[in-house]
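Each of the two complexes below includes chain A, the first together with chain B, the second together with chain C.
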Partner chain A sequence: MTTIAADISQASYIGQPISRVDGVAKVTGTARYAGEYTAPGLLHGLVISSPVAKGRILSIQSEEARAVNGIIKIYSHENVKDLPWFDLSYKDMNLLPGSPFRPFYSNEIQFSQQPVALVIAESLELARYAATLVRIEYETAPFETDLENNLENAFTPKRGKTGYKKPKNRGNAKKQFTKADVKIEAEYMHGAEHHNPMELFSSTVVYGKDGSLTVYDKTQGVLNSQSYIARVFDIKHKKVRVLSPFVGGAFGSGLRPQYQLFMACLAALDLQLPVRVVLTRQQMFSFGHRPATWQKLKLAASNDGRLEAIEHTAISETSRFENYTENIVNWSGRLYSCDHVKLDYRLVPLDVNSPLDMRAPGAATGVLALECAMDELAYKLNIDPLVLRLKNYTEKDPESGKPFSSKNLMDCYKQGAEHFGWEKRIYSPRSMKQGKQLVGWGMSSGMWDAMMVPARAQAKITADGKLVVTSATSDIGTGTYTIMTQIAAETLGLPLEDVSFELGDSKFVFAPFEGGSATAASVGTAVLFACKKIREKLLSLAKKLEQSPLANVQDEEIVFVNGRICHQDDIECSLSIREVMDRTGTKYIQEKNSDLRAMFKQLGYARNTHSAIFVEVKIDEDLGLISVTRVVAAIAAGNILNPKTASSQIMGGVMWGISMALHEDSFMDHQYGRFINHDYAEYHIPVHADTPDIEVIFVQEKDTVVNPLGIKGVGEIGIIGTAAAVANAIYHATGKRIRDFPITPDKLL
Partner chain B sequence: MKDIMNKEVDDRKEDAIVTEKQLLPVQLNVNGKQYILHLEPWTSLLDALREHLGLTGTKKGCDHGQCGACTILIDGKRINSCLTFAVMYQGVPITTIEGLAQGDKLHPLQQAFIKHDAFQCGYCTPGQICSAQGMLNEGHAYSRDDIHELMSGNLCRCAAYNNIVKAIEEVIETGQTPDAV
Partner chain C sequence: MNRFTYTKANSIDDTLREVNADHDIKFIAGGTNLIDLMRANVEHPSHLVDINHIDLHAIQETAEGGLSLGALVKNADTAYHEHVQSRYPLLAKAILAGASPQLRNMATNGGNLLQRTRCYYFYDTATPCNKRVPGQGCSAINGFNKIHSILGTSAHCIATHPSDMCVALAALEARIKVIGNDGERVIPFAEFHRLPGDTPHIDSTLKPGELITSIELPSKGFETHYQYIKLRDRRSYAFALVSVAVGLELQDDYIQEARIALGGVAHKPWRDETVENFLNGKKAAEDAFETAAEMMMKDAKGFRYNNFKIEMAKRAIVRALVDARDLKTPEPLHCYTYNRHQQQ
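Then we have the complex of A and B:
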């Protein structure tokens, strides 16, 4: 008996800190990213970007560039014809209301750095050189890029993109606010931010003899890219294969097909040759970004700290051609118990490219303002900021009235505070000095959705006992390869090395793009069900074998361990999977998941992840230099499949929150309508030296509703609330409320 | 892709792209192997490795010396390969991420990176590892703070920084620092 128990625990992979299965490929440089595939005679494309924000192209002189030996062709609106005019042809799975940007469609310039021409050459160096010889004349038109100057032009969007939820009001916040004991009112502002994954956006397109395209694309969803290419270039889906086995970070920037994909396909189809187009770091500031957003929070409470009214207004930028929407204010109606909530979300169209989902879109923005306001309210009430949260804790979703499928935010507060040492905090600002350093402790709550979206997986076990599971999902550094391998191996009791999970190929079964922290739950459940079907088939084959030792064993007493099908209490009573396959003459068993029952059960529940973030800052009083020195992030995110990779996700998210609070700012020069700090030297993201000690705690949270494995997802929750906790710590250190983000030293002086 | 690892490479001789005068013969010694290339004089060392030798383990993240993804070792010293020209390194020993492991045996930094989950998307990883080896060769990293400071030229947008530092610390602490490469 002990032997079996030991074997079972050995074969238990879910919840174990397994090292990434793609680790060796990544540390040896053999993991290949989109711009690293090649083909004989590969041509290189370089994109020319508009220096003006609005207007039209008057002329393009490219004779000199075309005369360079080795220049193949130069594309622009002048010679690219027959592009579809219908908006639907350009829509992607994000489904923004409006008219998507169409490269080379006309001479109209809609935003600064809009791609206006493509130089195709035999080498990258030549393309780069020839691009400098192309002369483009523009006629400029008046433009507007300043959100704060245009708040009065805001409108309420009637509908939004995929995932948009119209904010819901309840009670009468306005009335309640006028008669409340204690109230605060504050405005918050942050500028645009750009995703800036390390990998440059790249597409390598190989033209096949039959007119088919093999496309290596930097994307969060191969099927999204495939469908876009098929519609824009009017090719059959089956003639376009998109692959993306490794993605060098994305954070939302790969949720829409970016224009290098269009460019590379355009040239490859026209020239019938292989083409690669790689954008420059500067050009990656030309596409979607986290929108600049102005917010106003009004909170009212009773003298004992119970929230009586919440009013949250957010006004975000969008482009002139699409309505990009986020769920910014919604969280203010869901995080705390409060009967009177008024939410207002509006958009201002500006002459910029459409914003784009960036890690925790909406929540990173809205929770920042809400949680700063909660801190302001705590100080107005003269109570501890954590106590204020506890007083307004809610066990059910205050917006829908539904119970949470699980919510262990309480343990996040408790364990987070304990590990951080919150009880030693001295309440008054500027009271925890260390020499010339002002020390500040701040905290925040966080909340994100635990989403399940339809996804499929296919599993195939062969006679040698090896299992291959496939799905058209993605691994953008999140650990998809590893956690799916763990789920599959555990379900069929196979050693990890006998299981491989493949992704990032449009020929695999359907999975949506990787976004919103939904992949682990959605694809993970699909993998579980596909493998369970194989398990059933194997068991049925095993029982039917002549003189099968398992013939009379109840299904509930069967375990799959170490490649064997066993009676749970008797290791002798077992058959190896290979033997079963061999003796029944089964070459392989292949199954897909089809069970979506889990999705219906969920409808009666609110499904969310929660967090409590505690931050210490130290600030040089004379120079205003801010260091985050310590962070404790306590996370309630259901069942954690792999604490090693999940901790990395949270640490990354926390650093993004610190970055939002202190570093990141795409600086728009309104004179030119252009982001002027468009490179890694000027656009600050944290470096090694900015990194504090970060402790990640996953509190216990059993959830039988979200999906059979209780997975909730961890990609976004780490960033949410972190920026507020930093800002609140800065207030505690200095006594200064900075409501304009990022909080740079000049704002403290 | 053709196998270019084990033989001399002369990609450009036949399909001359610019006039013959503009292509310079360049002999590169990469990971202990000799290659002869014909390159434009303005070809960066990074592009020579990635585009001409197919050694795509060295990454391009900015092409401006701002991110460190292209870090390689020249005679044991770490440099940004995007900021320098290939023609300047004739015959000088160059080590890239592809040259760190001994056959199937991973370099101690590579092993430690996997163990400590010192990466997520993996794109900055080759540069982080080469930079870490270069830092160890320099011999100035005595504390965790030193490592944080001395590795700050290598950006990681996934922000795996703390795990990178743990991995490097482990290599230092266990004394498995390999000889300078």
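Then we have the complex of A and C:
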């Protein structure tokens, strides 16, 4: 790595497209993932999953399997005893209301692919072989897995998981609908989707002589896993260390401890030996998913295109044992100016595992329906879809009445449209063609929360001028390592190579799990303040030195550049940090921070990211073939720490939006209550050939409220609205409204 | 996965010596399908014979003016072979429409013929499947059957054959050379794969212990008028919902000879000679193509989620015939995905 700041008087890393600091480790394979750690005598576990969706286990015959040389033990509800009874012991930071799934708790089967036994063997191959010899007899019970057949059984959840906001109504939408000039009403449906990160869920657990556990886990929150293990197995927190330095994608699936963690710890504690358990690709379809959701949108507007009433109903599936909730309908009350809003969110309990947050949970679903409906309204009104959005633009949050801390959606619309060439669009459907293909241009708005949650960071600078910053946060491929290194290096004016940021270790200071696009803002602020404290100490040491050139320089005139403390106008008037440490005999300076002052300031404001997505599709109508050929995503997300990693985040989100529109669907076979296309060959996500040119624009958005760095987070905003823009482009190309997602060729014929 | 023994064979004799009626023997070459199936606990051979080292790696011109494709030549090497590209571009195009570059680099020609269906229920041992365990019942008939057959189905099985390569081979009327302990024989392509009937667990007419040695291409390659269209839910790395291989021999505007084979619609690559005979001698025009498409789908039957395939197949047949007729200069065959942002 070269010192980018070497010849810049004011070292600046924030806002620069710095390549990932962990990139080389990842591409050369030295970055190790949870299932790659090993220990002498490591044992391997294979999970056996239930073939039935509901019922009981009558018997488990494992004699034949146990007789295989190299098989250590087989666990099931029959021989796993003394686990806690209380739900609370199994709760994790996601805090779903209800009773969490407890592996091996009883013979009851609650969902298909429920883990029913664990085979521990000297090798994975042996475990896999022995698993085929275990005979399990089930008694099946009637089950219900069809959302659309059970919409009438929906109920309104009284409370939800962490972050759930009860939808708020305003005005009188019902009355307004009766007198509105123009109305539309439409129903939308999408099935379940699974996260499917490339890395399989894995835990490697090393049992220590003192009874401690060192756990390498695939998770978005090491502290979440640590606390779960401590409570379930009744061991002290300090005896459990969870590490997760690298995560091969998670997208929300790592927000809850998955059952391979339970399994590996169970066996390691029982056998007092190291154990690894890795799920299979099929088993990646056995836990949380984006819930299948049915939605209905009603929009009313005046003849000149002003929204007069919005009614949004969403009914999602949940499990029988937990109420998984999302903020699906809430966005419909916040994206546009409208006085009359009626929102209704309900759940249908089914015999499935609990759903789980998946990239932009709630918004990906709700904004899809709202923005498709807005397009339908635009065509009913005979006005341009972008013009309709502009007519209903809101400068304050219509739900709370609070001002936005910042909102530059206007520039997203303007710049997005300009880069895309929207003004060349011919309004009528089926009017744009290229050769034999129909061309369609569609757009959508997007909105997500700019969250900040309590987090801490610790920074330590040593006499050699090297800085190490730590926090128990994660990098799930998002770029946490890189942006935290940038913030620390800039704050202390150090070359990037003198700064290292470490994460994914439960012994580090507190950070919540990485979710909701909150990590950059939350941990970033903590890193900033911890480094600022070191800066203050260094400066005070520097000033106190005998004959210090900085003794009489005002603090405001001091800059930290390239490892030196300098007068901003006179580079000669400076001291190196090493010299200061050396001459004062300081071995190190260590500071922690959890500055929450920023969070009080936020209370008076609505804090959100926004986007405008423009999509071009080309369609071979005879054959039903859809190609997304161009996407412009204009994003208002505050200050962008690193345009390179942030663009990657947005591009990934956009691809997922295309996937939601055209490909992704976990198909539930109601004969068996089982997701049936459970592998990468048949669960379709876009491949390179489906990938269009994606232009990402970050519009200027200065925000002094969200946090001192003005960061809003970019993890989610890229997916939101993209699927709607694709669907709207397909309408523009073909004149067909397809409201059942994904839009596959069979639906277009 | 079960336990198995393994030997490496260095010759055809070596291989055939391993054949033993008492053991469930499988030959393994690229392993791109068999190993997956073993891991899924669908196939459980007791003995694997590694045939990669037998001398069946050549592509050679035959005395009859055709081309002989060694059974162990990789799919990728076959598709990019000079003679295949120039004389049998339909085959090259079909091969390159299948799988991914990595898989095509491993998979062999013989193995491609013997790959098993991608029916979800066949792969998931938690669900009944007559093809996996005869007599269990078919889950697909009343299940999620979007990828399943519309032609030649039985009450026992509606699975499809997943190959792209085989669709082109059917259209080209390739012949399969095999050898067993009873000697050598040659199987016409149309007779190699079979319909499910009441024995859907048997995919082909290959006898137990027989080894494919080569695929023989006749001299006629339809290199001036051909098309392979593959329709699927994404642009690459997905099995065909419907695929069509077409070869036309034209004189002026009239069809001298037509070949049409379909993939993704039946338990085997689907051909209908009455349709081809209907086209022979006709003017190569849309109305004839549309009639041919209707004829070809006359007996098609959907099972709910795959009903769309009937209409999709008709349109794909017409499009492939039109494309083949209008083919001007053969396109370069690097990595083929139909309609990939096709700019005309």
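The definition used in the following text is that the second predicted complex is superposed on the first by the 738 of 749 C-alpha atoms of A that agree within 3 Å, B and C clash if a C-alpha of one lies under 4 Å from a C-alpha of the other, contacts with A are read in each partner's own complex, and residues count from 1 in each chain.
As a convention for this text, a residue touches a chain if its C-beta (ideal position, glycine included) is under 8 Å from a C-beta of that chain, and two chains touch if they have at least 3 such contacts.
All of these numbers come straight from a predicted model, not from anything done at the bench.
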Which superposed partner A:552 touches (first chain B, second chain C, both, neither): neither
Which of chain B and chain C A:249 touches, first, second, both or neither: first
Which of chain B and chain C A:749 touches, first, second, both or neither: second
Partner chain(s) touched by A:32 [first = chain B, second = chain C, both, neither]: first
Touched partner set for A:689, first chain B, second chain C, both or neither: both
Contacts of A:629 with chain B and chain C, given as first, second, both or neither: second
Touched partner set for A:648, first chain B, second chain C, both or neither: first
Touching partner for A:679 - first (chain B), second (chain C), both, neither: both
Broader residue contact with chain A after superposition on the shared chain, chain B or chain C: B
Overlap of chain C and chain B interfaces on chain A (superposed complexes): 125, 679, 681, 686-689
Contact footprint of chain B on chain A as seen in their complex: 19-20, 22-33, 35-36, 38, 69-70, 122-126, 196-200, 246-251, 278, 280-281, 476-479, 644-645, 647-649, 651-652, 654-656, 679-681, 685-689, 691, 693-694
Of chain B, residues touching chain A in the complex: 1, 15, 17-19, 40, 42-43, 47, 50-51, 54-64, 66-67, 69, 96-98, 100-101, 106, 110, 113-115, 117, 119-126, 129, 147-149, 151-165
Touch list for chain A against partner chain C, complex: 49, 51-52, 112, 125, 128-129, 132, 282, 434-437, 618, 620, 622-625, 627, 629, 662-663, 667, 669, 671-672, 674, 676-679, 681-682, 684, 686-690, 692, 744-746, 749
Touch list for chain C against partner chain A, complex: 1-3, 39, 41, 118, 120-121, 123-127, 139, 142-144, 146-147, 229, 231-239, 241, 308-309, 311-312, 315-316, 319, 337-344
